[in-house]
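Next come two complexes, and both contain chain A; in the first it sits with chain B, in the second with chain C.
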Partner chain A sequence: MTSASSPATRIELPRILGAIRPRARWTETSLIAIVAVALVVGSVSLSLGVTGRLAPFDPRGLAIYVAALVLAHVGQVLAGRRSDEILLPVVGLLGGLSLLLMERLPQDLVTLDIGETQLGLGDVQLVWLVLAIAVATILGITVRSDSWLRRYKYTWAASGIALLLLTFVFGSDVAGQRLTLRLGPISGQPSELLKVILVVFLAGYLSENRPLLIEQDTRLGPIRLPPLPYLAPMVAMWAIALGIVVIQRDLGAALLFFAVFLALTYAATGRLSLVAIGSVLFFAGSALMASLFDHVRDRVDIWLDPFADPLGTGYQIVQSLHAFARGGLLGTGLGEGLPIVGGRLPIPEVHTDFPLAALGEELGLVGVIAILGLFFVVIERGLRIGASAADDFRAILATGLALVVGVQAFIIAAGNLKVLPLTGVTLPFISYGGSSLLVNAIVVGLLLALSDRGVEPPPPPTDVRRWRDRLRRRAAR
Partner chain B sequence: MDGMLVVIWAVRLLFLALLYIFLARVVRSLLRDLRAAAREPGATLGRLLVIESPGGDPEQGRSFDLDAITTLGRDVNNAIVVEDPFASAEHAVLTYRGRSWYVEDLGSTNGTYVNGRVVATVSPLGFGDEVSIGQVRLRLERARLT
Partner chain C sequence: MIATSGRRRPLGRTIVHVAIVLALSFGVLAGAGGYWAVLRSDELARSPYDPGVIAASRTVPRGRIVDRHGTTLARNEKDANGELYRVYRGTAASQVVGYASTRFGRAGLELAYDAELSGLAGDPFADALRKFGSNPYDPKDMQLALSWDLQRAAIRALGDRRGAVVMLDPRNGEVLALASTPVYDSSAIANPATSEAAFEVLRRDEDQPLLPRATLGRYVPGSVFKIVTAIAGLGSGAISSATTYKEQPAAEKNGLLVQGFRVRDGHHPETGNRPLDFVEATEVSCNIWFALTGLRTGGEELVDYAGRLGFGAPIPFDLPTAASQVTNGSGNAPGGFVDDVELANAAYGQGETFVTPLQMALVASTVANRGELMRPRLVTALIGRNGTRQIGAQSLRRVIDPADAAAISEAMTRAVEGDLGRRFTTGAKIPGITTAGKSGTAELGGRGEPHSWFIGFAPAERPTIAIAVLVEQAGRGAEVAAPIAGDLMAQHLESGG
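Right after this comes the complex of A and B.
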């Protein structure tokens, strides 16, 4: 009943540049040690496969990566926050697998010239991975308040839409999709960033309107629907998703946004009717798109029967299926898959869209299940952080961040395995790509910050002065 | 048997085994975390944290674990006794129904407020919302886990 727990003991947190109060994180320490050992063994296995020597494949790159992980761990220990200890090692292992894979693929897939030296695929990915670890750790250590996300939800939404429009107007076409935005030397894919902005906006919107969405009904005969004005954002979201498909030809992002939107709406309100309406809208929209646009219909046709044109449109997916089949139960071993057949890659775009197929070939079913397990752990941590958050905004934010990563991993894994039509999204933490890695690092950093019990309490929802004034007036009377 | 082949297979299997050792360690930590949360005595529907209380009863910073029906007011029979000159004897009641918390004003003299807005009869209450009774401000928070 009224069993009062003791007043919430608040931990004095050091200011960013103030006194440092280190706090041991033994779980994280031991997990990172296992990650380091696993990566060294993986590297030796790769070296045996490629060159036949019993030594790490690329000792320098491996050392840099492991050092970055250890530094991130030490940084968190020194900062002394009580944040999650499992996310960093899990993501670190996924990133390590990515490094092993990228070092092993043909290095000229991606090159970057810095002065005299030319960096290949593995080196460029290493740079991005180290940057991603740095971003996640810095966010996890320094973010102590969420008001910069909470207060400006419409500003965030507007900036997201602006990004989308900028990409549409100034973006450059790569492989028939207009996804890349170039600003001077820097280029990136804004739709990666957009997914985080979407979650921030939805968390703000849903936490503010949750009572209304739960409480009120619009009756339509026997059907009880949520209040109609509050359905407007849902319809707007649907329209934006369709717009992305039509204008940017980016099926993956559209699917990801809409799925995360539906899942979050359900998580916030618990109303199945909203999900039902959303699903009906989704299938109606998909059917419409498939009948109107060739590129959508092609994707569906390839999915239904890739073997109809195995050397043309179905080539990628057929090769991916063959790769999984070659892998079998235990895989061919790292470095012993088929990198090049007849002068071309067996799977085009293997480093961005099909890393799971390459890993499936070399690590087999056992390895793929382990990788999927790692993604499940990331989702579990996010949902758990959401379940124990102090208020609705943080709960929905953490849930959404976890789902964005999880749903994206599912979409591309299912695409590689011909469970869903193939859509070009990246496999989080594993695919090659700066924007993908950095944005997923932002997600991890925010989750780390949200998991800390010591962050400042949520601000009061609205102004409480009104209540006090009214009380004063009554007292005066 | 070719010695090299044995080494290659040993390293390969060791790598896969290490992936699973890592997963097993992670799952063990996750289970420990979940069990600790389930054992927690305060695993209730939510709690009410006293943010401001000029009278000192209930004292500021105290938190109450909530039942599905929790009454508030100055009378000693209330689940949460609010000793405040502006509070009525039977001031308000918090109920958990279906998916959400609700606060109901029991015809108090000075009214019940949610986030500074007066509650006419019943108002839904989200986690993080503030309820004001007299001069006492309370915030609804999720039950503490872990």
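Right after this comes the complex of A and C.
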């Protein structure tokens, strides 16, 4: 992954090994221990709920997962990195909850045949979770330079758009949405990866043009705007977001992209006017969409009053709200939630779109608030890494990475709770699905790498001279 | 020129702003979680759309329903698949108990007390504690004030006619019989093997057996409404029991001229040409006297006193009830009457007056209970795992003074026991017991036979039973409804009350 052509990363391998000293991470050690205990207790509680036995529900799966977490921790200790020690345990707990939930749901929701053996939902999710932990750890340990991200921002942007177009042209439709791209036996949802690519591009673009965006004005009546040419990316983002709605019918991804874009623009420039204009454009576009396209209008109608048709169009969201209601303050207990009723799940697509509702039923309001709190810890760590970063690129990158996780969690949780119209994005670290888990693992891995105070220093801001020259030329004209 | 500062502002400040916005957003989510999981929790978790409720209905036995003497009215049986269904005693109480069917939902008390019978209702604290127990359901057995024997006798007395009987204890509001005919076979609807066919037959039946006439049927009351007029007149002080009207004897012959319109009534030759007082007017059921009383009382007081008796809004009851009305309220005259003609007609129960049998039973009950209206009750106790919850007597309000109630009671006694009353109200008299009552013959404006009404109570000195009987289009109240009432009250009093 690291660019071999970059002179800064051309380091002899033995020197790396020689330079690294194992370094204790006691905060992470104790947090991982707490997470492991919590997961064992959860697993026993699940077993009590489902079978009545006082033993872990799936000792083998639990052992594999906890071992993966411990290995990730040991790996970081041995690598001697001075990276964030909170992220891994927090994400590990969310992933553990995901494992308990997927083990508890009907296993034939998802099956994967490997030779003679057939893996069910819980096992498949366990494989993805372990892979995700590996990806996050390996990225966190090995990424010591950001130049491969910093230099090729337009290449990244182009590849992102190419990915989008590929999905549009070659993607297969699932439930009326064209989100899935198949490459031989592998299939995935590129829009998950797209959000990371977007953040990388924005970090490069905004950090490079930040002085201009902050300090130069174009006056449009009472509104002060940055120079108009620099608004072009904003307009392009708006078009892409609405394009995603129209072409992919993916309201959630569009909302996520645009919200992250606006938040990063604000973080980089401090200009509220940009956020205001962007929001107005987005809502105007959404209103237009709602009036033009039935599927958008239907979503909004269902959101406004799902109880108008509780057995038809409003079924999913009404069942989600019923699940929260059954849970109440303390929840029914893990494994004590509703089994299959009348041959079907109480909430369709519970494992991808409604894991929060399922956990809300079994863990209650207390559990929901705890899960929201864990997500906010992830956001807070990410933003903290951003705020203390060595330069603008890293700051914006870390902020953006924290935001893609946090905003996505917000969007789907809000959909589950009828705060926003329901959209089909996944709940990071918890929803079933390889694309989602791996991409969010990349986010965590990059955040770990960015948090390391020992990484290669950022390149000197040669760019500054370039924009100053450019400004002088234009002023002279 | 463009000012360029040497140092760019750090990003930290704006990132903190982003963090604050996100924190607030997550706070909103937590609030929404609280709204659904706590504030709306009870309502949603007990809704018939809740899969938990649906699942429970197949496996958790519903509570039994028993009458006041412990006779089982509803119990559970298992079908071939091991799923539970309801079986009901006979058909006489079908309009009261209703049905619980996996296919056709719920009706009657099975609907009104679904949460209690299925065991989902309780106090929130116990609910929270129960989460730590193994069985989250606590179905309640339900005891009714209803007497199965009396209920069955009432259905038999109505026979194949459409009608309703309401009997209650005026002292505490316990409803002893709440009969509506025709009845239907609620067991057939609840049994999965027969439910489809049974429901289809019922839906096609023109006699509307699924309509609980006693609580939801609204009928022209005719002369039984005169008791309401008397309550308003005496209660407001517009009249006393000695009030007479000079113009009344002549108006009986020529009609009473109200705003150019003649309110007519047949002459009662037995009373000669002397003006009648309240008791005599009640005894012979003089329309003119009550029309004049209505006019003297005024529309506003009449509607106000009717409201105190429960008119104008659904009656607080264990089953859904229709609101009875004195007038449809479309007019501009006081009380919502169109003019005095409508008021005069309403005062003796014609006009735009429509009442439910339950409402008229409460009128009789209020007079019997010395002017105090008790809340009618079907359910007297809910028996659960953690003990019994009694639902006791509850006074809704005092409608009139005991003295006024005693005057009306005396008039109603004369209407059944008096020399003239006996001629108008045959068969209501219970042998050996002083009986009070008022019959009604509700003209339907030339559309077929009138509705036959009777309301009353016994023993008149210390009443223990009040009754309202309605038989649709059966003829004169004195001839059809009154004997039914007499027989049913006699049966109740003979059986020891």
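The criterion applied here is as follows: the second predicted complex is superposed on the first by the 440 of 477 C-alpha atoms of A that agree within 3 Å, B and C clash if a C-alpha of one lies under 4 Å from a C-alpha of the other, contacts with A are read in each partner's own complex, and residues count from 1 in each chain.
The rule we apply is simple: a contact is a pair of C-beta atoms (placed from the backbone, for glycine too) under 8 Å apart; a residue touches a chain by one contact, two chains touch by 3 or more.
The structure displayed is predicted, hence computed values, not measured ones.
Q: Scan A:Met289 for contacts with chain B and chain C and give back first, second, both or neither.
A: In the superposition, A:Met289 touches no partner, neither chain B nor chain C.
Q: Is A:Gly333 touching the first partner chain B, the second partner chain C, both, or neither of them?
A: In the superposition, A:Gly333 contacts both chain B and chain C.
Q: Give one of first, second, both or neither to describe whether A:Ala395 is in contact with chain B, with chain C, with both, or with none.
A: After superposing on A, A:Ala395 lies in contact with both chain B and chain C.
Q: Look at A:Val425 in the shared chain and tell me whether it touches chain B only, chain C only, both, or neither; answer first, second, both or neither.
A: In the superposed model, A:Val425 contacts neither chain B nor chain C.
Q: Give one of first, second, both or neither to describe whether A:Leu311 is in contact with chain B, with chain C, with both, or with none.
A: second
Q: A:Arg210 contacts which: chain B (first), chain C (second), both, neither?
A: Touch status of A:Arg210: both partners.
Q: For A:Ile34, decide between first (touching chain B), second (touching chain C), both and neither.
A: Only chain B; A:Ile34 stays clear of chain C.
Q: Taking the superposition on A as described, I'd like to know which of chain B and chain C A:Ala387 touches: first, second, both or neither.
A: Both chain B and chain C are touched by A:Ala387.
Q: Looking at the overlay, what does A:Gly270 touch: chain B (first), chain C (second), both, or neither?
A: Both: A:Gly270 reaches chain B and chain C.
Q: Of the residues on chain A, which ones does chain B touch that chain C also touches?
A: On chain A, the residues that contact chain B in one structure and chain C in the other are 210-211, 214-215, 269-270, 330-331, 333, 364, 380, 387-389, 392, 395, 471, 475.
Q: What does chain A use to touch chain B in their complex?
A: Within the complex, chain A contacts chain B at residues 1-5, 7-8, 27, 30-31, 34-35, 37-38, 41-42, 44-45, 48-49, 52, 54, 85-86, 89-90, 93, 207, 210-212, 214-215, 269-270, 330-331, 333-334, 363-364, 366-367, 370, 373-374, 377, 380, 384, 387-393, 395, 458, 460-467, 470-471, 474-475.
Q: Which positions of chain B touch chain A when the two form their complex?
A: So the residues of chain B touching chain A come out as 4, 7-9, 11-16, 18-23, 25-27, 29-30, 33-34, 37, 42, 47, 49, 58-59, 61-65, 67, 79-80, 86, 99-100, 110-111, 113, 115-118, 123-130, 132, 134-135, 137, 139, 141-142, 144-146.
Q: Would you pull the chain A residues touching chain C in the complex into a rising list?
A: Those residues of chain A that touch chain C are 210-211, 214-216, 263, 266-270, 310-311, 318-319, 321-322, 324-333, 336, 338-339, 341-342, 346, 360, 364-365, 368-369, 372, 375-376, 379-380, 383, 386-389, 392, 395-396, 399, 403, 406-407, 410, 413-414, 417-419, 468, 471, 475.
Q: Given the complex with chain A, which residues does chain C contribute to the contact?
A: 1-5, 8-9, 11-19, 21-23, 25-26, 28-30, 32-34, 36-38, 40-45, 47, 49-52, 54-55, 127-128, 131, 136
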